[in-house]
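Shared between the two complexes below is subunit A, which pairs with subunit B and subunit C, respectively.
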Partner chain A sequence: MFEFEIAGISVPLFMLILTGSTVGIVGGFIGVGGGYMVTPALIVFGFPGYMASGIDATHIAGKAVISTVRHRQLGNIDWTLGLAMVGGTMMGVEIGVRLLNWTKEHGVSGIVLLMATVVIMLGLFIYTQIETQAATKKIQKATAQGITTGREMKATRMPEFFQRIPLYPIVRCHTARLVISMWVIVVVGFLTGVLAGFFGVGGGFIRVPALVYIVGATTHIAVGTDLLEIVVSGGYGALRQSMSGNVDMLAVMFMILGAMVGAQFGSIATAYVRGPAIRYILSYSLVLATVGAFLRLAYLITGGVYEIFNFLAVVFTLGEMIFLCLFIVSLVWFSVRHRHGKTVPKWIPSLVVAVD
Partner chain B sequence: MRWFIDSMVGYWILLLLISLGVAAIIYLVYLKDAMNF
Partner chain C sequence: MAEEKHTTRGTIKFIVWTAASLALIYYCWWSYSSGQMVSWYYYKAKTDGFAIRANLVREATKEKPIVLEIAQVQEVTGLQAVPVKKGERLPVGVNGIISKKDLEEGKRVKLEGNTIKVIQGTQIREAKGFKFKDTFMHKGIETNPWSGAWNLGMVIAMGLALGLMAEGFTDMVGIKISKIKHFEGAH
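Then we have the complex of A and B:
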């Protein structure tokens, strides 16, 4: 056990390092900060709620830098797209925080937050699952016909609608290979920023699907560009939280110690898989977070009477991180096996990249 | 057991069961007394 004097608690050190590394792997792979997993986990470890949020925000900023550097080397960042979103995101985050404060003043923040979490995450999960399954079937059909498919496959035409909006200035995103109105990018950044500010998270779990399904970026570019976004918004969040005295820097450092390895692995792992695999992992993280939020909501609504809800919520919070980590590691392992011509489950070839 | 590997749904269930089991053990051994929820 390690004594954290600022937080006033003792925590097994390996738990912080393990949390940092598992969320680092997940975050580097699907382009999220992981706040919706880390904050509840830190509360479970014994950190006060406000400090869990502060530690999470600060460690996210550091972890996002590591992941962004890796994704830049992999060519997954579109700077035009990322920088165009930053302004809208920052404005949105500020509005989201004020909205959250309004619910706090009226004493309904806990219930509203959890209900909004359940609705939005469940909706995103359903849409992402349906679209990704359709995309995977397209890859399998093309492979069966002997057609070689690339790293990305989508089964939605929604981006074409938004790319046709003729509002000047129109920007050309070279790395993402798309031409789109800057206002679409700014509005997407603003709306995702509002949700991020309201939930008190980095917003990656909303921004990555928005970049894929509205702006039309490939999943890999969406992941890398979103992590760039999180460096900015997370850095600002870390500054605000530190100024409010909500951060135990020692705890942050131990989490980043784990994230140093995890985030790099997660980022590099994207090179082994196709876009649909990343979207599958993202959708799984959404549904598991929804189940965890629903269990916490059930515990709150029943007035804390049924301890089983509490126990299950805690187990789901911790289990979610381990599950996503195991899935990502196994995808990389199967990808390497597939490249060497060894047997893999038949659902693997449509999700992994066969050659370097 | 084969189904858990050959089917994506089965693999998902297998990994989830392992993960929840490990999480439950971690919680019961290390974190139960520190719970602040």
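Then we have the complex of A and C:
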């Protein structure tokens, strides 16, 4: 047990390091900060709610830097796209925070927040599942016809519509091979920023699908570029939280040390899989977080009478981290087996790459 | 030959960034354990009230109240409460403030002559749908605004140093990480 003088509690250090590394794996792989998983975990360890949010936001900034360094090496970052989005995101986050404060003033923040989480995440989960299943079928069909399929396969025409919007200035994103109106990028950044500010999270779980389905980036580039975005938005969040006195820097440091190992694994693991695999994991993380949010919503709606809802919400949120980590590790394991010509389950070849 | 050069560069990169990471970790640890970071955190009073060591009254209940003695001291070591005004620097050893508002309400604390009786040290609150134990700790304190910039700088520097250290490590041990070919094959 280590006593954190600022937070005022004693926590086993390995729990913080372990949390940092598991969320690092998931975050580095699907391009999210993982705030919706870390904050509840820290509350379970005994940190007060505001301090859990502050430590989470600050560690996310550091973890995003670690992941960004690795994704840069993998060529997964489109700097033009990322930097064009930053302005919109920052404005959006500010509006989102004000919207949250407005709901707080009217005494409906808890329920509005949770209901919005459930609706948006469930919607994204259903769309991503349908699209990704169609994409994997396309890969299987192409492979059966002897066509070599690449890393990315999508079953949506939405990006083409948004790329045709003729509003100047038009920007060319070289790494993502996109030519698109700057306004589309800024508006996507703004809207995802509003949701991020409103939910009080980094917003990666909304921005990655937006980059894939609206802007038209490949999933790998969406993940890397989003992590670059999180460095900026997470950094801003870290600054605000630190100035508000919600951060115990030593706890952050231990979480970053754990994240260093996890984020490396998660980022490098993207080199072993195709785009649809990342989207699958992202969609599962969305639905599991939704179940957690739904249980908390049930707890709040019933006036906090049924403690079982609160208990299950915590169990679900912590279980989600472990499940997603195991899923990612198993994908890498099967990818290595597939590369060496060993037998793998039928659904694996459409999700992993044999040779690069 | 090229591979050897790559490994050598990786080794140098790993050593340099490991040294930088260790220096940052040590500095962070030293700032915390020497009390520097703690004094930046518990910097000024944000409200009029009494500065206390909040962890000592955490267990206070109606049945087992804890009494604090009002005193004018530079360092709080036990069950003492130092009167502070908004904007004043906090005495050493305090980590929370019982505000005037709390005293006026009288739900959690009561002013009795030269003492303060704490009758509810902990209350249950909720954040993002999760319940947590809320105490007087961190209440009414103002953190040094520069500590925010320090934290941010530290986190970014640490992330960069650790990220580049890991990159150097994989280069050093010969794990080849090349750029992903995003647009090869049918897509």
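As a convention for this text, the second predicted complex is superposed on the first by the 356 of 356 C-alpha atoms of A that agree within 3 Å, B and C clash if a C-alpha of one lies under 4 Å from a C-alpha of the other, contacts with A are read in each partner's own complex, and residues count from 1 in each chain.
Just so we're on the same page, a contact is a pair of C-beta atoms (placed from the backbone, for glycine too) under 8 Å apart; a residue touches a chain by one contact, two chains touch by 3 or more.
If you're wondering where the values come from, they're calculated on a predicted model, not measured in any experiment.
Of the two partner chains, subunit C is the only one that A:M153 touches; subunit B does not reach it. Shared-chain residue A:Q140: touches no atom of subunit B or subunit C. In the superposed model, A:E320 makes contact with subunit B only, not with subunit C.
Touch criterion not met for A:T103: it reaches neither subunit B nor subunit C. Residue contacts after overlaying the shared chain place A:Q129 against neither subunit B nor subunit C. With both structures placed on the common chain, the touch criterion links A:K346 to subunit B but leaves subunit C unconnected.
Judged by the touch definition given at the top, the superposed model places A:S330 against subunit B, while subunit C stays out of reach. A count of residues in subunit A touched by subunit B and by subunit C gives the higher number to C. By the touch criterion stated above, A:A271 is placed in contact with subunit C alone, subunit B being left untouched. When the shared chain is aligned, no partner comes close enough to touch A:Q163: not subunit B, not subunit C.
On subunit A, the surface patch touched by subunit B in one complex and by subunit C in the other comprises residues 43, 46-48, 296, 299, 310, 313-314. Listed in rising order, the residues of subunit A touching subunit B in the complex are 9-12, 15, 43-48, 284, 296, 299, 310-311, 313-320, 322-323, 326-327, 330, 345-347. Interface residues of subunit A, counted against subunit C in their complex, comprise 5-6, 8, 39-40, 43, 46-53, 58-59, 61-70, 73-76, 110, 113-114, 142, 147-154, 175, 177, 200, 218, 220-221, 231, 235, 238-240, 242-245, 247, 249-250, 252-253, 256-257, 260, 263-264, 268, 270-271, 293, 296-297, 299-300, 310, 313-314, 356.
Residues 25, 28-29, 31-32, 37-38, 41, 54-55, 95, 125-135, 137-138, 141-143, 145, 147-152, 154-156, 158-160, 162-167, 170, 177-187 of subunit C are the ones that touch subunit A when the two sit in their complex. On the side of subunit B, the complex with subunit A involves touching residues 5-8, 11-12, 15-16, 18-20, 22-24, 26-27, 30-31, 34-37.
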